[in-house]
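The first chain written gets the first letter, and so on, giving A, B and C; residue counts start at 1 in each chain.
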Amino acid sequence: MKDSQKIEAVLFWKGEPMTLSAISKVTDISPKNIPGALKELEERLLSGGLCLVQRDEEVAIGTRPETSSIIESLAKEELRRDIGNAGLEVLSIILYLSPVGKSRVDHIRGVSSTFTVRNLLIRGLIERVSAEGIRGHAYRPTLELLSHLGLSKLEDLPDYVSVREEILNREKRVSESEEKEGESVFQKPESI
Amino acid sequence: MDFVVKQQGFEGPLEKLLELIEGRKLHINDLSLSAVTDEYLSWSKDLPERTIGDTAQFILIASTLLLIKSKSLLPSLTLSEEEESDVVELQARLIAYKRMKLLAATLKPRFGASFIFLEGKRERQPVFSPDASVTINGIFSSIKTVIAGIPVKEFLPETVVRKIISLEEMIVRLSERVTRSISISFKDFTKGVKERKEVIIGFLAVLELVKRGALAVTQDSEFSEIRIESRSPQTPSYS
Amino acid sequence: MKDSQKIEAVLFWKGEPMTLSAISKVTDISPKNIPGALKELEERLLSGGLCLVQRDEEVAIGTRPETSSIIESLAKEELRRDIGNAGLEVLSIILYLSPVGKSRVDHIRGVSSTFTVRNLLIRGLIERVSAEGIRGHAYRPTLELLSHLGLSKLEDLPDYVSVREEILNREKRVSESEEKEGESVFQKPESI
C-alpha cells in the first residue's frame, strides 16, 4: 500500500487535524517522505469530493468547499458567520502576517484588540504559538479558519506573498529607523 | 433571551483618520492629514470612555497631526528628526492599515461562504480511559488554574503612560516654539488646563489665532503660503 | 461538480451508513442516477485509502481493510495518551459546572475546546446531555468518572460552592470589560 493511502485512511478515521509527526509515528512513514505523500494525496483528492487543508505542521481532510451548502443542510446547524469588522481586520492581519504578536496587531489597527483576539481564540479561528523574536504570545490561523474561508492553504489567499512582503518590509524599515533615533512616540512593532 | 448580539460601536483613531481622508477623496500625505486635523480633534471630543491604551493611541496620533498642521500653517517651524519620523510613520501606518482594511473587506464575503467541513459527524464508541492525572487533587488544582486564567482587567503598560506624559511636554514645547517664531505671546494658553484633550483643542485654537494674527500683521513672504483667498470676510473675533 | 463528488463529501462527513434515498434527497441527485454515481465513486476510491461499503440499500465510506492495523494502533494510542493540561482543565470545568455548554467552557478558558471535548467524549469521561437554556450540546461527567473519583455526588467536590461562585463572578467581570471595549460583535456565552 502506498504512503498516501495510509495517510488518507488515518486522516479520515481521525476526523480532526493531525500533526505531521503524529502521522509519521502512527503510519511508520519516515518524516522526510511525508510531504511527498501529502502532495500525492492532495492531487488525488482533487478529482473527488474531498480536499486537504494544510498549514505548517498540521493537516486535515475536509469536504470540498463546493459541497458546502449540501453538508450545511445535512448538519442542520447554522454556521456562525457573524464576524464584525474588527474581527475581520484582526483575522486578515493574522492570516497574512502569521505568526504575529498582539502588540503588532494593535499597532497596525491603532486600537487595542484584546477582546477581539480573545473571541477569535474562543471560536477556534486563531491559536497561540510561541515564535522567535516575538515577546508574549504570537498568533496564527487555525485549520478551522482556513476551512471557514474555503482555503486549502494560506498561500491561496489573494496577494498572499506580495502583501506579506510589502507590510513586513515596511515595518522592518520603520523599526530600524526608530532604533537609530531612539525612543519613538509610538509603540514599536516587534521585530520579525 | 439567553444570547445577546452586541453591536459594533468602536472606531479607532487610524480608522477615523482614513475615513476622513477618503471622505474627501484625498491621498494619504501631509496636505490631507493637515486638512482633516480639526475634524479629527472635534470627533475626539465626543468619544465615549475607553481604555487607557486606546486613549494613548488617540493622543499620540493627535499630536502628530498637530505637528503636521503647525508645519503647514507656519512653514518656518522646523521639526526635529524625531518629529519628522513620526510624521513619516503615521503615513506609513495609515497606508498599511488601509491595505489590511481592504483585505479584510475581501475576506468578508468569503467567510463561511464555502466551508470546508473538517470535523465530521462521525462518532466513536467511548472507552472509559482516564489517565493518572484524573484524581480529585488533579481536578481541584486544574480548576484553580482555570479560575486564575480568567482575565480580570487589562492594565496599561508603564511605557505607554510615560509616552503620554512626554506628549504633553511636547505640546507645551511646541506651543513655545510657535509663540517665539511669530513673536506674539501665548505663554499662558495652557495655564490651568489639566485635561490632555483640552490642551490639544486649546492649542489648535491658538494656532487659528496665530494664522489670522500673522496674516493681519505681516506680509512676510514666509507666510504667503497661507491661503488668503480662503479667508471668509467676516472673520470672527477671538479677542 | 459531478454527482460522485457530492456523494463522496456527504458520506465522508456523515461517517455512517446512509440509505440511497437519503443520499438522493440531500444531494438532489435523481434516484436513477445514484447507482451509476456510486459505481464511479467506488472505482475512484480504489486508488486511495478509503473504500465504499455497500449493503442492500445502505452505503458508507470507510477505511480500506488493509489499513486496519494502522487504525487499530491509532485508536489504542488515542486512549493511552495523557489527557494533558487542556483536557484536565475542560474536565474540571465540566465537573464543577455540569451541565455546561461548550460555548461557556470556551469562554471560561479563552480558547476553543472542540478537540479536547471530543477526546474526553471518546475516553468516556464526559457525555452529551441536552439541558434547558443551553444552546447546542451540554456536557456532564459520566457515572464511571464519578465513581473513579470516588464521588457520590458533584457537590462533594472540594469547595464546590465557592468555586462555582468565583467562576461566575469572574465571568461577569469579563463580559463587563468586553462591553467597555465595545469592539466585538461576538456572542456572549449562554446565561447560567
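What we mean here is this: contacts are C-beta pairs under 8 Å (C-beta built on N, C-alpha and C of every residue); 3 or more make two chains touch, one makes a residue touch a chain.
Given the structure is predicted, the values throughout are model-derived calculations rather than measurements.
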Most central chain, Cα average position: A
Far-end chain from chain C, centres as C-alpha averages: B
Cα-centroid distance, chain A relative to chain B, in whole angstrom: 29
Centre-to-centre distance between chain C and chain B (centres being mean Cα positions), rounded to whole Å: 43
Rounded Å distance, chain A centre to chain C centre (Cα mean): 22
Where chain B touches two or more other chains, by residue: 5, 8, 10, 51, 117, 119-122, 151, 154
Residues of chain A touching at least two other chains: 15-17, 61, 63-64, 66, 71, 75, 80, 82-84, 86, 111-112, 114, 118, 144
List of chain C residues in touch with chain A within their complex: 1, 4-10, 12-15, 26-27, 41, 44-45, 47-50, 61, 63-64, 66-67, 70-71, 73-74, 77, 106-107, 110-112, 114-115, 118, 136, 177-178, 181, 183-187
For the chain C and chain B complex, residues of the former touching the latter: 9, 12-16, 75, 79-83, 85, 88-89, 91-93, 95-96, 108-110, 114, 118, 121-125, 127, 133-135, 142, 144-145, 148-151, 157-159, 163, 166-167, 170-171, 173-174, 177-188, 190-191
Residues of chain B that touch chain A when the two form their complex: 5, 8, 10, 12-15, 51, 53-54, 57, 60-61, 63-64, 81-82, 85-86, 89, 92-93, 95-97, 99-101, 103-108, 110-122, 151, 154, 159-160, 163, 166-167, 170
Residues of chain B that touch chain C when the two form their complex: 2-10, 48-51, 117, 119-124, 126-131, 133-136, 138-140, 142-143, 145-147, 149-154
